[in-house]
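Here the structure comes first, spelled out in structure tokens, and everything after it is commentary.
First chain written, first letter: the chains are A, B, C and D, and each begins at residue 1.
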Amino acid sequence: MLKIGGYTFASRLFLGTGKYADARTQKEAVQASGTEVLTFAVRRMNLFDESQPDPFESMDLSGFRLLPNTAGAKTAEEAVRIAHIAAAADMCDMIKVEVIGCDKTLLPDPVETIKASETLLGEGYTVLAYTSDDVVLARRLQDLGVHAVMPGAAPIGTGLGIINPYNLSHIVEQADVPVIVDAGIGSPKDAAQAMELGADGILLNTAVSGAGNPVKMAEAMNYALEAGKLGYEAGRIEKKYYAQASSPTEGLSRL
Amino acid sequence: MLKIGGYTFASRLFLGTGKYADARTQKEAVQASGTEVLTFAVRRMNLFDESQPDPFESMDLSGFRLLPNTAGAKTAEEAVRIAHIAAAADMCDMIKVEVIGCDKTLLPDPVETIKASETLLGEGYTVLAYTSDDVVLARRLQDLGVHAVMPGAAPIGTGLGIINPYNLSHIVEQADVPVIVDAGIGSPKDAAQAMELGADGILLNTAVSGAGNPVKMAEAMNYALEAGKLGYEAGRIEKKYYAQASSPTEGLSRL
Amino acid sequence: MLKIGGYTFASRLFLGTGKYADARTQKEAVQASGTEVLTFAVRRMNLFDESQPDPFESMDLSGFRLLPNTAGAKTAEEAVRIAHIAAAADMCDMIKVEVIGCDKTLLPDPVETIKASETLLGEGYTVLAYTSDDVVLARRLQDLGVHAVMPGAAPIGTGLGIINPYNLSHIVEQADVPVIVDAGIGSPKDAAQAMELGADGILLNTAVSGAGNPVKMAEAMNYALEAGKLGYEAGRIEKKYYAQASSPTEGLSRL
Amino acid sequence: MLKIGGYTFASRLFLGTGKYADARTQKEAVQASGTEVLTFAVRRMNLFDESQPDPFESMDLSGFRLLPNTAGAKTAEEAVRIAHIAAAADMCDMIKVEVIGCDKTLLPDPVETIKASETLLGEGYTVLAYTSDDVVLARRLQDLGVHAVMPGAAPIGTGLGIINPYNLSHIVEQADVPVIVDAGIGSPKDAAQAMELGADGILLNTAVSGAGNPVKMAEAMNYALEAGKLGYEAGRIEKKYYAQASSPTEGLSRL
């Protein structure tokens, strides 16, 4: 079971709710993924702007935990304000702090992320911090008290997979709180790899919503997390340079 | 469903039977993997050498297809002789032609592999040919009439995963018969990747038998194949250089 | 020409002076490398601890610029103090700010690195900041006014090469000051790759001092930087999925 | 010095002569590369088809060895015929056997390559055999007596670099004749890597002729081969998982 703050989850997949072709596809993908946590951009909700669609209109939200994110924030101040809005609307079981520092890569700003996390932790929020894969930064966030660190595998929406498995591995090795790999996952093998490296869960969106068949891809991701998690627990073989016969045939009687 | 010659399989995982710690672990791993095809080295069997253990002594083989391999052969002639022995013992639903051309890498000899495949096809065998990931060689084997081509991901037992996804992808693109990735798989993510590249199945042994917990790893591989297969069918997103927001927030009312 | 603050260099290789077998090897490696900048850990010098060897005792330092680093510092305060010592000893043409935040990876602490850089810039130092390959952090340091950013290719002394070419590429794309790749270079191809990605220079130490033949490796690195720099300027071909004949033979008379 | 059959070369770069924008660029690129061996497709020459341009019209060929290739051949028979034409025209110091087995990847046909090499060796040619990176096939060609094996790094013209360094490394380890990496080199770092893996030389064409500035890229490649060769001889450091300080600062007096 995955524990984040006061919550416990059987599924280790967090699913974003953006960019589905239609509400029905979104709903079926959510079901196929087995997720218990829905994540969404507060600024995309029609909380304050009724011209925006309600991404949850056709969803029965009971049975799900909501993880709003502060996407669109470029400063700690903006992120905190967005969190307040989500909480006021009662849509904030947990909050994902996301403060973007670069328009081209959508990579997070380390300084503002620290500030926003500190403030929201002080106010009692359950904070999950989206961060680069900087090893020391991840530990600094943990030291602040965040309830989970969310290092990116690659920039948001690129589908490049885990560019730096080395850093992810060190983040996991040093983590006392759950590590949820967030952003950059492109296909099931990437999700499996993250779990094999010891991640506690994965957040993804585009890899599912942008797939040819989002529902089938959601199911694939569900299996991939299971595969990776079991593989991590089972303990993989070491890599070798020279080949090793599966069934050594030395010393056998000649045929 | 996977069809090879006259056989049809729901599971796309072929499991080797070598190097398990004990018969019980082997049996449970086979069950957990969901495999319908057991593969083994004929020269490792006690068909003619009773001092050898019987790897199947505690197994109920009904419900499985047997895929003996010609491991230990260094020439076409030896491979053919090994196939005849397996057939005579009634342990040969299909035959995996494996003619090793290098002691250090256990990589196959292309010329002898072609010869052995040609002979056994002429004798009516259902032939699966273990080959390097040479794109043209795979097609040459297909042109001979083999029932499946089995390109290696990496040398046997190394666990290095799919070293050359490019070649595998081209082999799949040009294949009219099933492509079963054989050798080199180290962990579930490798199995998922092979399936995402369009492989029809995977044969593995050491990755399971050599894992810390072989039974759990067998289960992981089962999920990984499912994940990769579904991912391939679903159609993954394209990789991008610049980031793409999951929930674009341009043009939203300022908070 | 490479310009950093008020200095100009024809060579783009900065060479560390640690861990050579003997002074003569060090001296010859420095010559073979063509470097104009020698870097060293202030805390390793015998400025205040005469029991330490003087790494420069057999070197004629005229013709070199000295780049002391603050290795050993875990806080901004310590880094600043080390810089002051180097300056007081008149061994500080420039200063490399290095504040380590992790004993296992020796990766830098982003928060303390920013603080130390800010202080030393305020005091008029020419500051080169060692940083992780975090894209936003590199720009933040640049915005502070550092004279060069020094992203690591991989952790110090690992020789893993450029683990994340993606981040390095984005750092270069957004940089207004020179980008000197620092740490993790293992072999000439890594140095060439860094320069091909648009880096302005490279700092390395272990790859040379730890090589079988440090003098020959220093020469190799000198060539590698030249190769990579010219390759970057020349503009490489794009990568393609399908092959393209060097000398197309379609439409030729049949032989 | 590189020795192939009866020839000896100071430069380890073989340069193709196809696809340059104009004769002058070609000539200058050849000079900048330092090559002593020019390679060309016989079927591209105007030996028998005067409508074809003469790629050497502005070149002084004295001082160069000519390596015609059999590009365009799909069978051993065609390759042999092309070699005969080149020899008859006195343009054949050595012959590169190239028998393509796949239109999309331009990868070589192993069976026809073996046949053509055998025939031409029997006729006394100095044979360099273009092959895939199949480890056993490379040794089979060597056993036939070819004067050099030329494994591809990646398909011709793709610029993908060394996709499978593992195979190349094993080919080198088992080789008694020179290994010339042929095809797929995209940039100087690829050339350096091939040499660091122990290759004896490199043949390239598109990476230079297709570069933004072919002359500058030719010069870059020249440096890259030197860097990689020296790096191989010097002996690189081993890769490590944990960081290692360049200048350890443990046990130093506190500052």
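Note that in this section a residue touches a chain if its C-beta (ideal position, glycine included) is under 8 Å from a C-beta of that chain, and two chains touch if they have at least 3 such contacts.
Predicted, not measured: the structure shown is a model, and the values here were computed from it.
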Per mean C-alpha coordinates, the chain lying farthest from chain A is D
Would you mind reporting the rotation angle for the C-alpha fit of chain A onto chain D, rounded to the nearest 5 degrees? 180
Counting in whole Å, what is the centre-to-centre distance of chain B and chain C, each centre being its mean C-alpha position? 45
Need the CA-centroid distance for the pair chain B / chain D, whole Å please. 34
Send over the residues of chain A in touch with two or more other chains. 104-105, 107, 155, 160
Going by the touch rule set out above, what shape does the chain contact graph take here: line, ring, star, complete or other? ring
Among all the chains shown, which pairs meet the touch rule set out at the top? A-B, A-C, B-D, C-D
Which part of chain C faces chain D closely enough to touch in the complex? 16-19, 40-41, 43-44, 48-49, 52, 71-72, 78, 81-82, 85, 104-107, 155-160, 186-193, 196, 205-207, 209-214, 216-217, 219-224, 226-231, 233-249, 252-253, 255
So, in the complex, the side of chain A touching chain C is made of residues 101-102, 104-105, 107-111, 114, 132, 134-137, 139-140, 154-155, 160, 163-164, 166-167, 170, 173-174
